[in-house]
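Following: one structure in structure tokens, then a few remarks.
All chains are identified by letter, namely A, B, C, D and E, in their written order; residue positions are counted from 1 within each chain.
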Amino acid sequence: MVTEHGSAARARRIGRLVIYGSLIALAAFYLMPLWVMITTSLKSLDEIYGGSFIGLPRSVTFEAWSKAWSQACIGTSCTGLKPYFVNSLMMVIPAVLLSTGIGALNGYVLTKWRFKGSNLVFGLILFGCFLPFQAVLLPMAQVLGKLRLSGTIPGLVLVHTVYGICFTTLFFRNYFVTIPDELTRAAQIDGAGFFRIFFSIMVPAALPIMVVSCIWQFTQIWNDFLFGVSFTAGDSSPITVALNNIVNVTMGRKQYNVDMAAAMIAALPTLVVYVVAGRYFVRGLTAGAVKG
Amino acid sequence: MATLEIDRVRKAYGSMEVLKEVSIAIGSGDFLVLLGPSGCGKSTLLNMIAGLEDITAGAIRIDGQTVNDLSPKDRDIAMVFQSYALYPTMTVRQNIEFGMKIRGVPAAEREKATREAAEMLQMGHLLDRKPSQLSGGQRQRVAMGRALVRHPKLFLFDEPLSNLDAKLRVDMRTEIKRLHQRLKTTIVYVTHDQIEAMTLATRVAVMKDGIVQHLDEPQVVYDRPANVYVARFVGSPAMNIIPGRLKDGPAGAELLMDQPDGGVSRIAGVQISDAARRKYAGRPVLVGIRPEGFSVAAPGQSAVKAAIEVVEPTGPDTLAMFTLGGTEVIARLAPKAVEAGQIADLAVTTAKVVLFDPETEIRID
Amino acid sequence: MATLEIDRVRKAYGSMEVLKEVSIAIGSGDFLVLLGPSGCGKSTLLNMIAGLEDITAGAIRIDGQTVNDLSPKDRDIAMVFQSYALYPTMTVRQNIEFGMKIRGVPAAEREKATREAAEMLQMGHLLDRKPSQLSGGQRQRVAMGRALVRHPKLFLFDEPLSNLDAKLRVDMRTEIKRLHQRLKTTIVYVTHDQIEAMTLATRVAVMKDGIVQHLDEPQVVYDRPANVYVARFVGSPAMNIIPGRLKDGPAGAELLMDQPDGGVSRIAGVQISDAARRKYAGRPVLVGIRPEGFSVAAPGQSAVKAAIEVVEPTGPDTLAMFTLGGTEVIARLAPKAVEAGQIADLAVTTAKVVLFDPETEIRID
Amino acid sequence: ETKIEVLHHWVSESEVAALNTIRTALAAKGYGWQDSAVGGMSGGNMQQALRSRLAAGNPPGAMQFLGWEGIDWSNEGVMRDLNDLDKANNWEATIAPQVLPFVKNGDNLIAVPINMHRQNWVWANKAAFDKAGIQQPKTWAELIADGEKLRAAGIIPLAMGDEPWQIQVIFDALVSDVGGPDFYKRAMIDLDDDALSSDTMKQVFDTLRQVRGLVDDGFNGRDWAVATGMVINGEAAMQVMGDWAKGEFLAKGLKPGKDFMCFATPSETPSFQFIIDSFGMFKVKDAEVTKAQDALAEVVMDPKVQHDFNIIKGSIPARTDLSVDDFDDCAKLGFQERAEAIQNGAMLGAATHGFAAQPQFSAVFGDVAAQFFVNDMSSEDAVKMLVDGINNAR
Amino acid sequence: MTRKKPISDRVADWLPRLVMAPSLLVILVGVYLFIAWTGWISVSSSRMVPSYDFVGLEQYYRLWATPRWHIAVVNLFIFSSLFLLVTMGVGLVMAILLDQNIRAEGALRAVYLYPMALSFIVTGTAWKWILNPDLGVQKVVNSLGWEGFVFNWITQPTFAIYTIVIAAVWQSSGFAMAIFLAGLRGIDNSVIKAAQIEGATLPRIYASIIVPMLRPAFLSVIVLLSYIAIKNFDLVLAMTNGGPGNATEVPSTFMFQATFRRNQMGVGAASAMMMLMTVAAIIIPYLYSELKESRNGH
């Protein structure tokens, strides 16, 4: 660009500098806790109790990580997080798929097949998003007991699906509103029925919001502790409960390095989901979920 | 090919009446255009014909059979939507085949029908693209293809051309016209573009606020519009509606219109029934003159005095604006016939002049 | 009021050249229309004039001063955007006053300017509404008002009418024309609608793929297009481009075109320079005839034999399609002049026939 | 092999190691141990899990109880009694009488205690004391005065964290150390209005205010073990904490009496503020599990198991009839002082962990003490708040 | 219309309702029945386990006579308002900065978003250290030579709640950023150009034009953040466990304590009902406007 004037160019360059500077400063702020966690997980326990909390490790050791993964004791069984990781996967995958699938169907009905009272139904479902979960633990436990699902992973899947529907329905409803009604009408004239339209037309068109819904649900369910601790026991616990048992020591001595390593292991799947699918997350939001 | 009868049909959303007793009947092979401004209920009516909206009152009959309670897929219709409504995740081929697949048409047959439609619409090379990779005109053709492969009794088109640019619009218009001439299928076509209505229709229904204002052949609607609304809506630039007075003289009826300079322009030889002449003699009327109803007067020809204000050359013609009867008037003249600022003598083709009652705004015959 | 010079301007996005050496110069008070299909670089050029895009190479001068490095606000221009670009959260009044506020114009003066603009555009009653409460045409007027209160040296319009329906488009076109005649400000106006270009411009620049194809007065562009592309782009229906042969005879040049029935149509008396006549004698040429260049031949008049295939009445005229020189031809005739299926004799206005070289597609003079 | 599910909140390394002695002994009897650990919130998470389990009609086989929990649940009728085993083995005689109310509901033994912690210990760094030239304080006044000397020597006098329970540990000690064991019983156990609003209570708060002066500013969010670390490395001189802190010193190879000191919180009327962990058994349908419950109860009360368990856990056996010869000096001291306290009526349930009044009341003490400690509230206001809080919770 | 429709058509008419029915049923049970249950418990004398007697509003009196509840309510108010304001502010600034054609946008976005993925059970510890005057920021700044720097909010009862705001902002502002960014991407570029031509500077353009245009995004953010603010639980437990003292108690921790630690299930239920009413006061107007809009909208 030969023609740029000196002063204008300089002003612009300074502007860019300020922007990048602020962005990087913010990024540093955001990374700070992660940095503390990583460095701590690489220290030995003695070093930490010697007073080194923040700062680089004097000698790097991965002991804490292997301990967290396969040796740390949760109660008297010293299996590390490994089996609970598997539990969580077995819980999160069906729960995410179910709640997303049902949310998609609900959103489809609420936008393309409105019936008398469908707005009320939507309002009722939406309010469920804002329920403080501590309040429903005991009645839910009773219901699970009646269903003979208490203490099991399917029971937990059921609970997460029920409360997940609220948000997924909101997501899909707000997204499907932006898909023109003419599309379903065209399919009707082509002779397609309710489910055919859903599977052939709506589902393929809903990929962005599926990503949003899946990410949101995955994060919420994977990180849930309250339901996990209430509705499972012992071996069938999800990873957050195991993590809590590693971390939340009252009268014992905290193993900070193992805690941090365990926390990172527990967070790994969600981190991966965010980093890999984060792009689609923003895109999906742009595609419709933003609507007030 | 089918006849279509819309018999005293009404539509209300809650307390809001969108269609107020609409009756239209067309024959087999007719091309009906529903013409009207945005929000007048055209799409609603079309959707009711398709079975996509419930009918509040009245009946719709296709080939004599009442279809009020038939679901869309049982009416044997095909529809092209204003926004095309192509399935965004399917290829063009899948879009076209979708309806046949649902009906269980065997693959070989589907293949053949698709190929034929693609050929007719010259889009064989587009079959494997997704709609997002097509231009507006191509999308329109795909939507058309999707309807074509169905060989329905009745085609419904909802403003299929309104998203296209001017050039493409003209091309596609011709293509639709040709299609109709070839297939001879009955067509109902919605538009708010009067040019489309004029070029395509065998019957035009001009609508306003859920009421059919005028239903007739396009040239009749153009030449002898039922009321001022229709006169203004059909034709571009619109018909000039000039306040004037009817004077009954021995030489026949004569129209008087005020010139801005205080003078009075006279038009003699207007065609009008005797009854009307007696009724309106000496009273104000609205004089309807199409822009092309004016021409530069030959010397000595009886003419209107026009102080030309603005001139707009359009290429084939020139539009000239001037004031007459206290209102602005547009004349369509030959290129460079007049210039802005000039005072021109313009002759009026009396055979094409239409009169309206100033109160009811209905045509006087 | 200002002159505008675009001097060998180029624009590239990365390796993609969007504008390839564009040069245009217009005088003070001119109305320049940039006309071209979607994606040809019109908006890009307009944005460069406005200072919203960097100039890759070349110079833009307003009133002789190079403005390449001037920021938009220092160029003394006003711009009306294709999408109006009204500030949705502000009322109409705030929209119009925003620019003045930024410049620190005192409240009383702002008030006065706004009132004047509102009066001129007949939107005084709209001042306290939000843009979302306005119809398309009203929004367009607000956008215009926002530009007007600035009294800039240069107005830039980017397809301001393309979102309007046919009727409103015609009205607004006239309003813009009138504005220009009153204010006499220099205007650059982007559109892909050739009718707008023809009606509004004092100078038209037809663009394609980042290159100016033809820059001249509109009537010249219409009558004597620089090449086949321009000929086809300007005018609706488009100019017919018919493959034919030039025969040099004693009575002057004669054009021969094949009829579908095997016969040959002849047009004599075409205007062509001697040099060209010698060069093209006996060789194929492309014959350009506007649809209105045809008319029903008087008995005995030399004519083209046309087997009419489709007829489209448009109201004031009828379009008739037939085949000539192996290509489809459209003629614009008087209403009901011909019918589909009929074989008609059509005369050609030779003064308006244009010839093109079949290889370069450039006009032969 | 029949498994018995045991719900507990022992998740730290030393706790788990201790628990394994029970597990092994149970295995020797031919029963499996199914672990159901829920840590956090001082057992709060576990309580919540238990309620969900009961609501679902799916209780665990056994559970670790603190404070009144066992009695409360037994009142709800979900616990089975262990009277037959008790009679057969004469367990009751081996349990300190002050402990019985927490394991016996009326005539029914509903839980078996495994260990006893003393809460009101002071742990001190000998070198720090020497450096400041001070001796083991005999009263809180002395202790507070010593603080000045320690500060002068650049040592933090008292290490602690800001968690309410850490503050309440000191408060509990002060109530009995300042007001005497009887005052403690009247105020903390009987919730006597006069005692609660007495000047003595004001004095307790005044002392607590002075103790606040001994603590450094970085005490927020500090775990007790981190505070212990500060005492170990000499950064701080003392910590008031239960005997679970002892393990930290021993793990560093420090010797009691030589490198570090353990003594009861200073008072003219020393008390023994105890905490016991007990195991209670839920009513279950499966007869096999009931047998396993019997086995578990026997294991818990087994002298050998109690001995081994407590050596690891740092506490002393709940049974009073065992020899403590193998234990460290601090434990021996505790053992001896327990015997004295039983005699003197100075054997007190620690309010902090629910061994005084019912939780809704003892939590009020914690609330007030914690707020008082971190705010600049007057002791009058604190006493008023305490009285109001207790009355509101009644 | 009285004419009969074919059976298959009538089933098709009911299909949408049939499909919604299971969801509606589980929501009615899982949300509304359980709320009703909680409401009942809140007027019963329940202590350790539910009891289904009726004692009127006694538990509510008890609740409001508890100083800790007052602290919790005040904290919720301080926390929510600050959290909402700061999170939206930070999120908006980040979104605006990221919208300036930034090279590493994807990476930065991931950095800002990742806290959403982490559970607070342990990031709380990291924050505790960072905010601790003897370990974290204060110490680092002091050791850099600025001796007088004091940042010990977490030790101050009156300021500790603000440190929770900091951590909460850290966790949620990335999400706000994502929504705002999505909103910004939806804004017609030409509006910005129009303002540029009129001479507005970039800050002015954002302040006067773009931010007001983000209203729908603000609405979404406010709803989602209020949801997070009211449910705030892990965060407080992990950062301060309610301390120093009870200075950072919030309603959700109060409810948990009352129900599961203090044998005051009735009081816990009453506090839950108070929370629900607060939520309803925020959400129902929003729902109403949302649904009214979709009634008018086509």
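To be clear about the criterion, contacts are C-beta pairs under 8 Å (C-beta built on N, C-alpha and C of every residue); 3 or more make two chains touch, one makes a residue touch a chain.
This one's a predicted model, so the numbers in the text were calculated from it and none came from an experiment.
**Student:** Listed by label, which chains are in contact with chain B and with chain E?
**Tutor:** Both chain B and chain E are touched by A, C, going by the contact rule given at the top.
**Student:** What chains touch chain A and also chain D?
**Tutor:** Joint contacts, listed by label: E.
**Student:** If you tally contacting C-beta pairs, which pair wins, A-B or A-E?
**Tutor:** By number of C-beta pairs in contact, A-E is the larger.
**Student:** Measure off the straight-line distance from the CA centroid of chain A to the CA centroid of chain E, and report it in whole Å.
**Tutor:** About 15 Å separates the centre of chain A from that of chain E.
**Student:** Centroid from C-alpha atoms only, then distance chain B to chain C, rounded to Å. What do you get?
**Tutor:** Whole-Å distance between the two chain centres: 25.
**Student:** With centres defined as the mean C-alpha position, give me the chain B-chain D separation in Å.
**Tutor:** 91
**Student:** CA centre of chain C versus CA centre of chain E: separation in Å?
**Tutor:** 56
**Student:** If a residue has to touch 2 or more other chains to count, which residues of chain E qualify?
**Tutor:** Expected reply: 12, 129, 132, 135, 215, 256, 259.
**Student:** By residue number and range, which residues of chain D touch two or more other chains?
**Tutor:** Chain D, residues with two or more chain partners: 41-42, 45, 48, 51.
**Student:** For a test of understanding, state which residues of chain B touch chain C in their complex under the given definition.
**Tutor:** 38, 165-167, 170, 173-174, 177-178, 181, 192-195, 198-200, 218-219, 222, 233-238, 290-292, 310, 312-316, 319, 321, 332, 335-336, 340
**Student:** Give every residue of chain D touching chain E within the complex, in rising order.
**Tutor:** Within the complex, chain D touches chain E at residues 41-42, 44-45, 47-48, 51, 54, 72-73, 76, 162-164, 167, 216-222, 358-360, 363, 367, 370-375, 385, 388-389, 392-393.
**Student:** Under the definition above, what is the set of chain E residues touching chain A in their complex?
**Tutor:** Interface residues on the chain E side: 12, 15-17, 19-20, 22-24, 26-35, 37-38, 50, 90, 93-94, 97-98, 100, 102, 106, 108-119, 121-123, 125-127, 129-130, 132, 135-136, 139-140, 170, 174, 178-179, 181-183, 185-186, 215-217, 219-220, 226-227, 230-231, 233-234, 252, 255-256, 259, 268-269, 272, 275-276, 279-280, 283-284, 287, 290-291, 294-295, 297.
**Student:** Which part of chain D faces chain A closely enough to touch in the complex?
**Tutor:** Residues in contact with chain A: 5, 7-16, 19-20, 23, 33-43, 45, 48-49, 51-53, 55-58, 60, 223-226, 229, 233, 235, 242, 244, 247-248.
**Student:** Can you name the residues of chain C that touch chain E in the complex?
**Tutor:** 47, 50-52, 72-73, 77-79, 81-83, 85-90, 98-99, 102-103, 146, 150
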